[in-house]
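Read through the structures below before going on.
Two complexes come next, and they have one chain in common, subunit A, joined by subunit B in the first and subunit C in the second.
Presenting the complex of A and B:
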């Protein structure tokens, strides 16, 4: 069916082709939304599954009144700080461990011990130390994002093309200059891959921390909307945070392609 | 260096030295932890001495609390993961082999995969309550995406030459799937499981923390609420064992199943 239709699409005039293909590709999602609209109120009670029309009007309401923005900004702030810290420390740690044996000996055991722990299991510990709020969320985002960044930076710094290093050494580069003029630039693509893996993890960690230990942020808004029975608002906030996560991932991929023009 | 040459006759000292180098930092931190705790340099509530935590861990294990809660967590995570694995592999392989299925699931996967699935916990509490069923379905929904995407991508990448060769020798479609396509896609499918496994634990823990109903997540949060920090640390030690155990287990299964690669 797909094949037959795409052949038919190719017979259309060029400017229409792209649009036709996009529409065709997204029909299944449209079917689901229509089913959802029909099911709500008929098969399932409207209170349990608010129809898409109600949810989308609630999204518009949240955006227009600006009610959601204060929470959204707090959530984004937590992600930005947590992810930023994990990138900074992760890159230092990854490259440090790859280029220096004592550094590796010191940190390796901690990384391999914490690697299999799902980081959200540490939320209660973070509450213990930092209480309920922004610091806890930042700590969890930081911990959850750290490992992908470290692992990718470490592997990349280990695999830096030895010819590059020799060539630079021959021209008199050494020590620290070697690190940030040769090794670091060579690892940037891999670091980007690590960050790409970390971005979705950051959102999962953020929402977890906000559901369990927060009185602000989108996760908190979702939980309280559910608790007070305002289900359209709960669904609206879920759609908003999902859209933000989607845009963040796509935006980062776009940015990476711009930055990594030389690869 | 001279240590290693001395030890040529007996057991391998250089290996011992390497081992010592790799764990000395952990030993230092653990000893510091115990000392800081014993002298109360940091308030007991924040950092109880290591020995207290171990005692609490043993107490909880002997009383059966730890084992029961660990069982609840594992049961929810693994049943959900099993459901997602079956459905994910079916949908993934079919998507790769059938245009119609691919057309239907491709946009759904594109939209569904990036959703921070954790944010749906309040929805699942509304729909299915806070019991085991709700948690299991949540894990199944959350881990479905990585399994399906990896199964689809690895099936798509099966070398067409293999398929052609088998077809030329008269292999039927069903046999082709079972004997050629699935084995060739297996490494990618197992990678999907390896991504999904930690996710299943993440979802279970958070759900248990938010909704209660037993399990290690609930045990931790209960420790925080009753100001028993040793219990929180003890539960995290159990989480670490479970994480390491499952990780090793999957690696073992992988090397068993993929001994031919």
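Presenting the complex of A and C:
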């Protein structure tokens, strides 16, 4: 069906095409919102499933009063630090493991063992070490994002075209210089793929951590709204953080495409 | 004239134990400084291995390779390889690919730019300086590969079937361009190919290798008069004679391979 509509869109003039495509992309979400509106109060009690109209007025309220922003800011700060750390350490670790056997042997066991553990299961332990608050949330985001970055960087650095390395060698590049002049740039597309996978994971990890171990942040707002039975406010916060995550992913994709003009 | 390559009793073995395969065996020959020599041989005869050994990318098992009587140990900027698959840095523009070797050599920026521009012009790529490799056709990519290698001015060009992936008219255009470059710059060129006509058309001597494990079968001198146009050369009787003689020698090798 997607294919058929795509073909029909292609027959439209170019500027209209973009608009038409956007509308088509959002149709499923529109259908969901309509069904939700109809179900609320009819199929499910309005008290536990507030309709989109109520939720959206609550979103407007949260935005107008500015109440949400301090929490959103602290949540985004935690994501930025946790994700940033995971990118920095993940790239170093991934490339290091691919290009050095001792480094690979040393870290391989940790990655293999921690891979199947849901990182949010470590929240109670993190609380024990770091207390309730920002450090715990950052640690959980960092741990959850680390693996996709490491694995993508590791695989790409393992697969760097031998001829590129040779070409650099014949022109006088060697040792550590090879890492940042050839291996790292050759690995950038896959690092970007790793980060693209890590961004939504960061939001999942963040909200999970804040639900348990925080007295600030969007996750905390969701939890407390639920606890006092203010479900429209709970839904409003869920929608806000989903929207922010969506924008973050799209924004990253846009930035990535600009960086990777050469691929 | 600098750029003499001396290969003595070269042997290259890959793997160990049961996996052990001998790629090159007891190979000795000399390439004069400034000479254009082609290497042909049946597929799997180790001709690319030979090139990568001369480049210093691979280590010899025994025997020596010397440049101007100096045994090599690893890659060096006295040699430049042109790869069959171009091996351009995809994240660098045409210009940045060509300046890479100069950057590594510590050449100051302004000088770098004028040298790079000279070689970009030489391979007819002016106007494409800011393109990335993915935006270029195969023939253009290989011209960048040639310019990149020429730019840091190695004495010896090592070319691994550089035109193998290109169609016939493009091949011929690049062959003529390479002949001109060789005439102008006087480099030593070791040119690997499986195309007998290409070998005879381009080079002064053709080294024919035996089938696996590769060693020297024979070396044919090509005393062509190359003063005329391509058409004059390739339609001449002497061209046909040289081609036949190389072809027959090579065919004996491929023949043995097929009957096995």
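Throughout what follows, the second predicted complex is superposed on the first by the 230 of 263 C-alpha atoms of A that agree within 3 Å, B and C clash if a C-alpha of one lies under 4 Å from a C-alpha of the other, contacts with A are read in each partner's own complex, and residues count from 1 in each chain.
Please note the rule applied: contacts are C-beta pairs under 8 Å (C-beta built on N, C-alpha and C of every residue); 3 or more make two chains touch, one makes a residue touch a chain.
This structure is a prediction, so every number in the text was calculated from the model and none was measured.
In the three-chain model built by superposing on subunit A, subunit B and subunit C fit together without any clash.
Contacts of A:64 after superposition on the shared chain: neither subunit B nor subunit C is touched. Of the two partner chains, neither subunit B nor subunit C is touched by A:43.
Of the two partner chains placed around the shared chain by superposition, subunit B is the only one that A:117 touches, whereas subunit C remains out of contact.
By the touch criterion defined above, A:238 lies against subunit B but remains apart from subunit C after alignment on the C-alpha atoms of chain A.
After superposing the two complexes on chain A, the angle subtended at the C-alpha centre of subunit A by the centres of subunit B and subunit C comes to 90 degrees, rounded to the nearest 10. When the two structures are aligned on the shared chain, A:14 is found in touch with neither subunit B nor subunit C. For subunit A, the partner touching the most residues, choosing from subunit B and subunit C, is B. In the superposition on chain A, A:105 makes contact with subunit B only, while subunit C stays out of contact range. Aligning both complexes on chain A leaves subunit B and subunit C separated at their closest CA atoms by 12 Å. Judged by the document's definition of touching, no subunit A residue lies at the interface with subunit B and also at the interface with subunit C. Subunit B meets subunit A in the complex at residues 21-26, 29, 45-46, 99-100, 102-108, 111, 114-123, 125-127, 198, 201-202, 205-206, 209-210, 216-217, 220-221, 223-224, 229, 232-233, 235-236, 239-240, 243-244, 246-247. Those residues of subunit A that touch subunit B in the shared complex are 1-3, 25-26, 28-29, 32, 48, 105-110, 113-125, 127-129, 200, 203-204, 206-208, 211-212, 218-219, 222-223, 225-227, 231, 234-235, 237-238, 241-242, 245-246, 249.
If you check the complex, the residues on subunit C that touch subunit A are 52, 55-57, 74-77, 79-81, 83, 85, 87-92, 100-101, 104-105, 132-134, 148-149, 152, 154.
Against subunit C, in their complex, subunit A makes its touches with residues 161, 163-164, 166-173, 182, 185-186, 188, 261-263.
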